[in-house]
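Each chain gets a letter, A, B, C, D, E, F and G, in the order it is written, and its residues are counted from 1.
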Amino acid sequence: MFIGLYNYWVVIVLMMVGFYIVIAHGNLIKKIVGLSIFQTSVFIFYISMAKVDGGSAPILADEINQYSNPLPQVLILTAIVVGIATTALALALAVRIKEAYGSIEEDEIQKQDNLD
Amino acid sequence: MSLSLESMLQFSIILPLLATIGIVATGHKPNLREAVTITTSLVVLYFVISLYQGLQQGESISVYWGELLPGLKISFSIEPLGMLFALIASFLWLITTVYAIGYMRGHHEQNQTRFYSCFAIAISSVMGIAFADNLFTLFIFYEVLTLSTYPLVTHAGTEDAKKGGRVYLGILLSTSILFFLLAIISTWFVAGTLDFKQGGVFAPDVNPLVAGTILVLFIFGIGKAAIMPFHRWLPAAMVAPTPVSALLHAVAVVKAGVFTVLKVCVFIFGIDLLAILPSTQFLLYLAGASVLLASLVAMRQDNLKARLAYSTVSQLGYITMGALMATSAGVVGGSMHIATHAFGKITLFFCAGAILVAAHKSEISQMRSLGRQMPITMIAFFIASLSIIGLPPTGGTWSKWYLLMGTLESEQFILMCILIISSLLNIAYLLPIPFHAFFSGDKSSTPDSGIKEAPLPSLIALSITTVGCVILFVYPQPLYDLAKAILAT
Amino acid sequence: MLIAATLAILVVMIMAIMRVFIGPTLYDRVLAVNMFGTKTVLLISLLGFVMGRPEFLDIAIVYSLINFISVIGVLRYSDHFIFKQSGQSKK
Amino acid sequence: MKDLLAVAMLLSIYGLLSASFFVAMDAVDVAFTEASVGAGISTLLMLVAISMTGRAEHPSRHKPLLALAVVIVTGSLLIYGTLDMPYFGSAEAPIHQHIAPRYINDSMQEIGVPNIVTSVLASYRAFDTFGEVVVIFTAGMGVLALLSVVRRSPVDIAKIVLFNDAMHERHLILRIVTKIMIPFILLFAFYVQFHGDFGPGGGFQAGVIFASAIFVYTMLFGMNTARRVINQSFIQVLAAIGVLLYGCVGVVSLFNGKKFFDYSALAIDPVAGQHLGILFIELGVGLTVASVMVIIFFNFAGRNETPRNSDKQDL
Amino acid sequence: MIVHLPILQVIIPLMAAPLCLLLTRPRLAWLFSLIASGLAFLISGMLLQQVMTSGTIIYEMGGWEAPWGIEYRIDQLNALLLLIISALSTIVLFAAETSIHKEIPADKHTLFYVLYLLSLAAMLGIVATGDAFNVFVFLEISSLSAYALIALGQDRRALWASYQYLIMGTIGATFILIGIGLMYQMTGTLNMYDLSIRLPEVAQTRTVFTAFAFVIVGICLKLAMFPLHLWLPNAYAYAPSIVTAFFAATATKVAIYLLIRFTFSVFGLSFSFTHLPLQLLFVTLGLVGVFVASTAAIYQTNVKHLFAYSSIAQIGYMIVGFSISTAAGLTATLLHLFNHALMKGALFLALGAVMYRIGSTQLSNFQGLGRQMPVTMAAIVIGGLSLIGVPLTVGFVSKWYLVLAVIENGWWPVAVLILAGSLLAIVYVWRIVEVAYFKPALAGTETIQEAPLSFLIPVWTLVIANIYFGIDTRLSVQVAQAASQSLFGVSP
Amino acid sequence: MRHTILLSLYLAAFWLANSGHYSALMLSLGVISIALVVFIAHRMDVIDHEAQPLHLTLKLPAYFAWLIKEIFVSNLLVVKHIWLGNKSISPVFMTITASQKTELGKVIYANSISLTPGTVTVNIEGDKFLVHALLTQSIKDLESGDMDRRVTQLEN
Amino acid sequence: MDAFIHISSSLFLLIGSFLCLSGGIGILRFPDFYTRMHAVGVTETLATAMILIGLILYNPDFLVDVKLVIILLMTLFISPTAGHALANAAMLNDKMQKDDNKQNSEVKSSTS
């Protein structure tokens, strides 16, 4: 569908959007969203590596002799799980932080911490 | 006893450590505790004297404990300079302990157990320094000495004491880590060995710039030698009780410093190499400046202990100068001065302490007419002052003489002038104290003050050291022989 | 024809995303997401055919399930806000 | 976007989109997972969390210039890095030349499973997958450690606020439709579990689908009902058993004198052994994933119903 | 079973974790984890011995040979790290039962042990594996369990610290993932050994350069190398004491290991240090880190914070040693790795004891502790001396080697700066000593007693190790030298 | 019990239709799975006449046919109005009354309303349905009760 | 026969696409939430059905067809339910806002 490296660049832009959200936003939930986008973009990046022109999904079938690379897919399966695990834990933390501080804004939490 | 000399050497280091345990264990019974201390110091003195005799008979004694890092041994041996130092230290430990018993009890000090145990550790490390066979061993004990004396300096636990302790530890540890350790590592790197060797360890063709830098690092790094500008710790440590000051000034710390300087100059660089290094000159003048400046500062101090402290800084400058002059007379003078200054200064401090305990006076201006109440103390003070100044009939005469000879030998006339001027300054700041004590002040105030002499142990101690000062004048031969032997072996 | 249909679906998906961004209410967004989800189901089915491996329709089934679940989720937890708010207002 | 719910919606769309992309890139297994996880579970969790933390974002005051700079530098570096990369889809790229050919050509003889992804996942790189299971187990334990609430007294339970209770009374349509659907979703999960060898799917996806059936049930009928159906401590045990099952397959091969995870030790015929091993470890994966997902969800939702007035700080 | 040692090393604590969950009685769980950790320690000792005598051990998972399957590849470096981690974990765990009693609610004790075991297993897994992607997976296990463990701290700031760590850690891990992806794309392999063979062919490409940058930055985030250290102090300060002791002693070590592994083994020395101005960068960052962190440590009012900053400073030393990129420098780093684990383990464990008795680690609460808890305070003092680098402690040994390596390379100013850094250590250590020994005890603290034996035994085990390895350095130096030489011998 | 058996049959059909692999292993796994699902469903208490409306089975096809026709027609209507634009529509809320007795019947009715584009059931309270319509015309058609009647017939 | 099936499948797909597009335009064009819902209804019922039927005709493989049918049934089953649920929630929300549009900070900021 795309030619050359162009699609990698799209992925990189997506990645950077996620990355930006993580480091620039002060809301804890939004940071987690950013993290999620960041990670998912990396997954896309891996999966694009695996694609072979004219290839097919790596599930063996007759009359097909060109398959895409299964290895990155395996890796990303694992990575997705890691991603959801991280998200779950981060959300749990955010919930606890809300309970403890009454806020999920970075600067307000920071302010409260500086007080004690 | 049938102990071999080797084991005696080891025991003289280990015994004080073991004594620490005994002291802690008997901490709640002061008499027993002090008995332990005195017994140990007697035994150690016995060992050291036996070792001295062994050395006299030409036996070579060395002990090897192990290798810390590959090539870095912990080992000990005996040579004249170390012997000299060990003799002074072990003897004065005994005296100081006796004195301390009187002082500490008279002054109702807290934490006496901590005091005695740290004191014992300090002595142990002094022995280690004295007998160290290489720079590395020396360095280890040097650091232990610093750390073990820290609690002594901050003994009082007051804000002042803590501040003093901070300066003390700060300067000593930082110079030793920053410069001394660096110098050691550099030496190890350049020369490949750290063993003390007659004539030095550096190859003759060593780059003079590198060796010169290392020398500067050494002299700066040995903060215990109190060369300006790294002398601040000494006055700061004045907050400590008097026996501690005695320990710092006479027995252990500063002596360890100048001893190390001498060791490094003679056995790491060797006086031949030292003479041609470009930085030697610079350091000599630094030491000279240190001598003069400290004397001048001392004149302006009203606190007796502070004045004595600056006096020490100045006297240490002599020894460093002697070492750096790179002549045999200089080395002999320097090493003899270790001994004579030790006796002189310890007496002075004992006196200061005695005055403090008996009359509760620490400022010089308050000491007028004390001579009548405390005649023995004040006479001792007078004699010790003479020794520091370098006048007969005291031991100080000889060491000053050899130092002057050294300046002549190396044709350092400026330094000679410095020596003479500073001796005059010594007179100016030391002698007025006993003079005023005996001959001035209003006589009316004397009857009601009720001041008596210091407690007996203190008095005994200071008498012994005063006698020591005189004996060193009358009978300097053993001392001279030892000093002379340093370069000979 | 398959490709044309795929493209059409893609266009509709873009429209849905636009609606998600425009809003204005949460429910508009949820609606658009829901629609997006069903369109994804179609897209996946079509893609399978376009690429000649139509046997992977399980994915599409999962999609429609997930879609359902997330709508219920939104409902459940937006209810939450409504109630929380009413609870506040009644105090 | 200041409304976090809307952000969560967008994230869900992103998940769906990337999953479609994965299908286009031939990565059906990944698409399967991403669909259920990216669009499903993580959105759901996010919703629950937002329901507890509030949905409005306050305007932030700090300047994002530094962040922007960091992002631009990172992005430029990455783009710079792509310049020497093999072109997209090129079959000559090193990744298609070095290791993958063996997987594609020989896995059928060596393992006997048509889905190459499954054979790589479950046999060649079984240890990675074991790590994956442990990751999810760890997350479950972490959430448990963070959110689990000490058992409350009946008085406290009575105080639980209304909105956390069942909603099936009010939502007639939802109730009936869900009741009809749940058994099929469950069975579909089992189907995915056991057909991972032949098509996309496997333990992980199955676990997620299974768990989502429970989620729907919980959301509709309320936590208290769900707790009656699924015992909390039992599900924790199940999670542990899943991991252990996976690990034990490896240990059994150890005791048979083979290397860890060498399934050929499990049966006389190596290929059959491989097949059996994959079956078991997929089961372990499914068990752990399903139970951990349920644990996570229960703890989030259960936290929600903590009585509002008391014990907020100290837990 | 001897051939299976590499896998048993990891799998025993890993499998013990879910088993531990099944034991509901906390005391039982503790005993069980102690046994598991002890077994791991035993195995790591055997592994080290095996490696030292017969060289690298290779263990192929599932019987699939290396680039296709995952392999464990244990050489001297890994073996040393394995030993450090499992040993420290066992010692620290010994005190856990007493410590968490006061710091963690009772119903979470079992979970604590589960997470602890997971964390331990994951660290062992990171170190043992020879596969780049497997590193990522285990890195995540260790990170996730770390986040949870840190968040178990009593203070609410523990939560915030954990969250920040999570964000930073995940960014770091994702960077590593990107880096691994790029490497994989250029070489087609994930096995580290295979990578080291295939990377030189494509070493000149921009992609490999980028891969390198991402991997290194990612690791440095995990490593808390200055200036990426911001997450560390709070995380260490508010975590439960046991967790702090365990992580301070091991977690950063693992990151250092990764750094060494990737730069020296995978990318190779010539790539890492000749094409790039990396040496200069690392030396500068390392030294600046030493100074900034030490200075920050001086101004802390919480002792845990203080030692956390000190950890960052110590990491700076390791980075300097690493950046010399000679066998001597690496030896110094490895030695310091080992030694720092001993010091920080002892210090933080002792702090745990203080926490147990007085419930706080604020410096102001240390007043008079020298008299009330003499044995514990003595341990802190000795640990502090070791941190400064006083002779006869391990700190001296590593500093000696570090300075020697720096001088060997002709970097005199660096040597001076390294030593100057120790001076700052004196200042912050001495602040504690002064407060503890020379200030009167606070009113109302007369009842404070010495810490229980379950603390004192592990603390003093570590303290004695501090002194023992400061005097008898044969073992540590020999292993460190063997490891660094093997790295320099193997790497192309 | 009837419902359980029926559910098992449905599930079996579902499995067989999906599976495509009819080896002994797979079939036995299928049996086990179904058993498990039925067990869980039982625990969840979701097996009853609401969920398994077997009594409707016979009548449903006819209804569906009619419904599909309705869907078709209303779709075209809505599409027409989409293209005609906003002016052509006349959105309205209206409450209508449903005559079904069972809840299941109401659900079928409500869903049928929603399924035909142009009208959506918004709320159910008792037998009052709140319906939103795109066109007033559509609501008229609903009120005429054709659909209501058919669903009620289904019920009986 | 083949040609006929092929053409009819194409036809179904075409109609489906057209309906889909119409729905898409509707969701953008209609003025408020409830009306948009109807537009979505179009895409989810007939459009989906058309496309899926087109696909069924396109592919003769039994297993695939069965799955397509399942998808179709599920869509028809779920979409009205979801639509109803959404509408219900929106209505409740509206009602709530009317009840108290004084101090409802949270929801308002998000919906405005």
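Definition applied: a residue touches a chain if its C-beta (ideal position, glycine included) is under 8 Å from a C-beta of that chain, and two chains touch if they have at least 3 such contacts.
Bear in mind the structure is a predicted one, so any value in this text is a computation, not a measurement.
Following the contact convention of this document, no chain is adjacent to both chain B and chain G.
Just to note, of B-E and A-D, the chains joined by more C-beta pairs in contact are A-D. If you average the CA atoms of chain A and of chain E, the two centres end up 28 Å from each other. Mean C-alpha position of chain E lies 61 Å from that of chain F.
Averaging Cα coordinates per chain places chain C and chain D 20 Å apart. Among the residues of chain C, those in touch with two or more other chains are 23, 26, 30, 51, 53, 55-56, 58, 61, 65, 67-68, 72, 74-75, 78-79, 81.
Multi-chain contact residues of chain A, defined as those touching 2 or more other chains: 15, 19, 23, 28, 49, 56-57, 59, 61, 71-72, 75, 78, 82, 85-86, 89, 93-94, 96, 100. Residue positions of chain G touching 2 or more other chains, listed in rising order: 23, 25, 37, 63, 67, 70, 78-79, 81, 83-85, 88, 106, 110-111. Pairwise, the chains that make contact are A-C, A-D, A-E, B-E, C-D, C-G, D-E, D-F, D-G, F-G.
Those residues of chain A whose C-beta lies close enough to touch chain C in the complex are 56-57, 59, 61, 64.
If you check the complex, the residues on chain D that touch chain C are 3, 5-6, 9-10, 12-13, 16-17, 19-20, 23-24, 26, 28, 31-32, 35-36, 39-40, 43-44, 47-48, 50-51, 55, 161-163, 167, 174, 178, 181, 185, 188, 192, 195, 199-201, 205, 209, 212, 215-216, 219-220, 304. Listed in rising order, the residues of chain D touching chain E in the complex are 77-78, 80-86, 93-100, 102-103, 123-128, 131-132, 134-135, 137-139, 141-142, 144-146, 148, 150, 236-237, 239-241, 243-244, 247, 250-251, 254, 258-264, 313, 315.
Within the complex formed with chain C, the chain G residues making contact are 9-10, 13-14, 16-18, 20-21, 23-25, 27-28, 33, 36-37, 40, 43-44, 48, 51-52, 54-55, 58-59, 61, 63-64, 67-68, 70-71, 74-75, 78-79, 81-83, 85-86, 88-90, 92-93, 96, 99-100, 103-104, 106-107, 110-112. Against chain D, in their complex, chain A makes its touches with residues 1-9, 12-13, 15-16, 19-20, 23-30, 32-33, 36-37, 40-41, 43-44, 47-61, 66-78, 80-89, 91-96, 98-100, 104-108.
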